[in-house]
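Please go over the structures that come below.
Presented sequentially are two complexes of subunit A, the first with subunit B as partner and the second with subunit C.
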Partner chain A sequence: MFPTWIGITLIVFMIVRFAPGRPGSESFEAGYLSADGQAASLSYYQRKLGLDQPLYKQYFSWWRSLFSTEIVASEEHQTRTFEFTLGYSLTSRSSVVSELKRRLPITLLISTLSIILIYIIAIPTGLLMAVTRGRRFDIGSNTLLLALWSVPIVLVATLLIGYTTTGSLGVQWFPNNGLSSIGAERLPFFAWLADRAWHLILPVVCISLGGFAYLAKQTRASVLENLSMDYVRTAKAKGVSGINIIKHHVFRNSLLPLITIFATLLPFMLAGSVIVEKIFNIEGMGLFTFRAVMNRDYDVVQAMALIAGVLNSFGLLVADIAYAAADPRIKYR
Partner chain B sequence: MYNSIGKNPIALLKLIYQRNNFAAISLGILCVFSLLAIFAPFIANHRPYVLVRQNSIEFPLFNMLRLSDWILFIGFFLGLLTFWFCRSMQRKAKCSKRATLYIYLGAVLLTFTASLLITLDRPTLDTTDYYALSQSRDNWAIFAPLVHDPVTANIAERLKEPGWQGDLSTTNWLGTDGAGADVCTRLIHASRIALSIGLISTSIALLLGVCVGSVMGYFGAWIDTLGMRIIEIFMAIPRLFLLLLVMAFIPPQFSSYTIYAMMIVIGLTSWMNCARFVRAEFLKLRELDYICAAKAVGLPRRSIIFYHLLPNGITPVLVDASFSIAAAILLETSLSFLGFGIKPPDPSWGQMLAEAIDPSTGVFHWWLAFFPGVMIFLTVFSLNCIGDALRDVLDSRFGDAAR
Partner chain C sequence: MTAAHTQPTHIETKQSKPLICIRDLAVSFETNKSKVKAVDGLSLTIYPQQTLALVGESGCGKSVTALSVLQLIDQPPGDIERGSIFFDSTDLLKLSEKQMLKVRGKDIAMIFQEPMTSLNPVYTIGEQIIEAILLHQNVDNKQAMQIAIKAMADVGIDKAKQRLRAYPHEFSGGMRQRAMIAMALACQPKLLLADEPTTALDVTIQAQILELLRKLQRQRNMAVMFITHDLGIVAENADVVCVMYAGRIVEYANVFDLFNKPQHPYTRGLFASIPRIGAPKHRLTTVDQVVNDPKEFKKLPGYENGVEPWWPGGEDETRGYVLHEIQPNHWVGCKHCEYLDSQISTNPDIDFQRKKWCTGSF
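Up next, the complex of A and B:
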């Protein structure tokens, strides 16, 4: 797990450092500095941010900068406090952790909601498709799923925003940006919740379409595989009815491989959140990353890569544990 | 079945057609789109094929054709010709398989070079109003079906709704965009960029994936372990994030090279699935008797890898290729939508989609969302359908090959 994180941060570090364009350079692209002034400003920023150091030193100092150490001296003794900061943003001057405290819950809220939605809808669909294998419903929904999977998020978002929020059909059904209306915090709790849900519908729908198609297809494949197993034939032979075979034998067994898909869905959600949060103007992690990339905010970009890697491995871990919990045949020692 | 498919693409196509009519339709759609892309300057162009002006004859359209256009046409016709030629020769068993392969490769390479060149040499801007010229007395001209230029802005005609406006050839069938350029023309020219990004980035990915995968699969042991770790690392980085990084860091004076950066980065970040499949195939194949025999005979390693293992282990790559082209086109669309990809005046589907909702007034121009959306959807959907059908035909399980 840890080597993976090192690898990710190393790759991102290399890209960021070898890419042209330096922090602070956008201030003189505007053209209100003389040539000397530009050079001076550049070298000032280089020295201030430690960019004139050799690359390996920069890399190690970045790892060190994830924790800021502070020596607090009091009358009795000196104490060293460690603060987990993940580096500092160049533009807002606040630590990445403090920004994340605000933004990570929003992104996680959207991702969790959509993952739950995906699982709730996709599993019955896939099951139904497998049961009606080769019939019209199966073929039709197979094609439909492939179609859903081929629609980019940006297209869905544009069409949804265009038709449901701009009032081009005469009614404005949904809000088109943000997570709450103005003054929502003064509303009573349930009204606030309804307002929040009203704002969340479009982003969640956009982000879940692709994952839904993917999971439904996997469910179908998994159920079909189980249906061809020997134990199903045995059950049939002893006279169990078709519904009971599905309900008691096949369903639980075919759910097992779907647990691991959770790990593949998570990075997909993170990538989607960049687009969705940008389009719907939601102040989550995706938009934060987007702005950091735009502003060449080195520390934030690297911290984000690290977080993406950590979340990925976390997803894998959760999937493994859940798998072991669900399947008594697997035991980790 | 393996052998007949590995060596004969026609057999594969026939099999797909028999199994899945839907995939055949999508193959047709894709063919139409490729033809549109290849012959875009002949279909949508404001320069006439022939302009007769007081006793002098000009060929403005042919004069503007660039090197990449010519290579594309020549490659296309060469490919068609060799295809037909080899078919008839193979039937009479006069053409060796290797010669056929080389000719195919030549045509493919020509087409690739052309698609690489597509944005490098831009046509010179030509603002002459040929249509008005041809309307005057003594002059006449033969025009392309759509008399519009994809890049010339025309502020007087901005944001026109689609529909009929009197004149057959100058009507903006699908409306105009925010700069006043014809949407239909831009769509056709954008299909060139989208398809070339899909093709080139996928071929980079396949090349890399096959190389890495075969090395991992053939040698096994610690090389395999190391390779799997590297693959894990690459899979843990969100691709969009990496692309955003690279695209955002391209300085503005190199902005005309963004398309190459996009091809390379998409290629460098999507080889993992391919490598995994090839590795799995190689691990399976190298235990077989015929490889053992080849080793016992004393064949060199490259011969075993390239002539014995690779042709038999390449089939899953085909499936991966069509999904990977689709994914590359989707990525290009998203990037251009976010403003990092193809920059105007070069046309791109994603960038047209982004224009659909006016950020300042919030007005929704439905034709700017609907028609590019249809193009993106049809292309990606057809590619995915073909990939799906290929997977069914080859009938192997690829696990989560899907995305």
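Up next, the complex of A and C:
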């Protein structure tokens, strides 16, 4: 796994360095700096961040900055403290790790809820589609899934905000901002929980649509594939009824390939969180990443990419372990 | 064995009642705008305890015939166009799906060619055998387990109790086919449809499985429809042989008649294509060589009235084929002609059983 992570850091490092724009350059776009001021600003950041150094030196100094060492001098002796910081944000001046402590749980909450929701809804949908193959439900769902799969999150989110939160159509079902109402922290626990859930509904729905469409299609394909397997014919020849063939024989086999799709969905969720958190103004990892990209906050963008890589490889690991547990043909070695 | 000893080799009495009569079965498949007639007007009869071998090359409709008996043809794309399948005097083709569920696996069981993929990979062997038992026998789980253990022991799986907990992938091909047989026979069926059960196995295992099937058939007085394209297996196991080509019967006779006096050029071609040790030939004779030889399709021996063996192609297919009993208990697919029209047509029906332990040598 480590080589993968190092590979990720290299690629992200290169992309970030070759992307247009430099730290400080976003302030030019507002147009309040003279040409001289712009040049001064750029060269300030160049020197401050060591951007005038050769690339490989920049890369290694980034690695060094992931762990900051501080020399604390007290009266008797000096102590060196190591701190795992993942670098510092250019704009908030806090370490990435300290930001993560606050933000990662929020993003993971949204992602986990979405993935659970996706599995709960997509599997029965796909199963039903496979069973009604070629009939109206199947064809209709197929079209709908294609639409859900193709529609960008931004559009869905904008429509949902427009129609269900603003009251312009007479309904104002959901909040359109943040994860809690003002003063929610003073509510009793269950009221707080309800408030949190109420805020979570739209973001979770937005982020789930694409994954739902994908998983439902995979479920349908998997069920159909299993229905044509030899063991189904054997079960029929035994006298198992059609419904029990699905329930006892096909269903369990069809779930196996769906387990590993968990590892495919997780990156979807993390990428989607950037957009959804921005739109719904949720202070999670996604919004943090979004700001960092806009500000050319190199250290943060790189740290975020690294974290996403680490999370995704853990996702793969979990998927593999779950698969091995579910399929009797696979044993741990 | 002692009772059988006293029986003559050839029993040719039609006293017992047929177990299953297939009459004029026609099954077609709809594929991208074209219609394939997989089985076209097939009739056959199997008596209790008899082994009927269904022989023919790949794609001639053997599996479709067997699957039709259990009504396991997917409709669509399949379509059972006409015919009847009488089993114990009920027409299986007229039964509802619900009624068929009580026949499948209970009165008629089936085993398949691919032991590797025919078992469900995520359930243990025991779970799968017990499922069949619980479906058809009025027993509780514990009794079903006992029956399953006995069924496993009967097919020669030792340590049956532990092996019940094994998954299919932990078994070798031969073992899996044994497990399939145990599952099929756990409910004491009267008829076993064996669709090339040994084709995927290597020769030594093949011999063991065949021996096992013979033994079980004798013990349980079970009839077997044995689908194969291996004439050696036919020679050793069959009582009656039905040779198929392109969905039709080309020859139907008891095993001795068929091997001693094959009438249809296709059957002769099949025999000619069996390699013989010491034959002074560099290339093997193919069936095609025989059936493409115009001399072969001249009049059948003893029939000077223009009776010729049938072969697909050319003229109007539906009028072109007649299954005719050219000698007592020997049917051959013939070309339609005036003389045959005036003859009484009979359904292929041979109540013949050989001595089961004599593995024939011809």
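Here is the rule we use: the second predicted complex is superposed on the first by the 294 of 333 C-alpha atoms of A that agree within 3 Å, B and C clash if a C-alpha of one lies under 4 Å from a C-alpha of the other, contacts with A are read in each partner's own complex, and residues count from 1 in each chain.
Please note the rule applied: a residue touches a chain if its C-beta (ideal position, glycine included) is under 8 Å from a C-beta of that chain, and two chains touch if they have at least 3 such contacts.
Everything quoted here is computed from the prediction, not taken from an experiment.
Overlaying the two complexes via subunit A leaves subunit B and subunit C side by side, clear of any clash.
By the touch criterion defined above, A:G239 lies against subunit C but remains apart from subunit B after alignment on the C-alpha atoms of chain A.
In the superposed pair of complexes, A:V151 makes contact with subunit B only, with no contact to subunit C. In the superposed model, A:N253 makes contact with subunit C only, not with subunit B. Set against each other, subunit B and subunit C differ in how many residues of subunit A they touch, and the higher count belongs to B.
Rounded to the nearest 10, the angle at the Cα centre of subunit A between subunit B and subunit C in the chain-A superposition is 80°. In the superposed model, A:V276 lies in contact with neither subunit B nor subunit C. Of the two partner chains, subunit B is the only one that A:I261 touches; subunit C does not reach it. Of the two partner chains placed by superposition, A:L215 touches none, neither subunit B nor subunit C. When the shared chain is aligned, subunit C comes close enough to touch A:Y231, but subunit B does not. Distance between subunit B and subunit C in the overlay is 10 Å (nearest C-alpha pair, rounded to whole angstrom). Contact residues of subunit C toward subunit A in the complex are 70, 72, 97, 101-106, 109-110, 112, 114, 117-123, 131-132, 135-136, 167, 169, 180, 183-184.
Residues of subunit A touching subunit B in their complex: 3-4, 7-8, 11-12, 15-16, 19-21, 143, 146-147, 149-155, 158-159, 161-163, 166, 168, 176, 210, 214, 217-218, 261, 264, 267-268, 270-271, 274-275, 278, 289-290, 293-294, 296, 301, 304-305, 308-309, 312-313.
By the touch criterion stated above, subunit B contacts subunit A in their complex at residues 22, 229-230, 232-242, 244-246, 248-251, 254, 326, 330, 333-334, 337-338, 350, 353-354, 356-357, 362-364, 366, 369-370, 373, 376-377, 380-381, 383-385, 388, 400, 402-403. Those residues of subunit A that touch subunit C in the complex are listed here as 229-231, 233-242, 248-249, 252-253, 256, 327-329.
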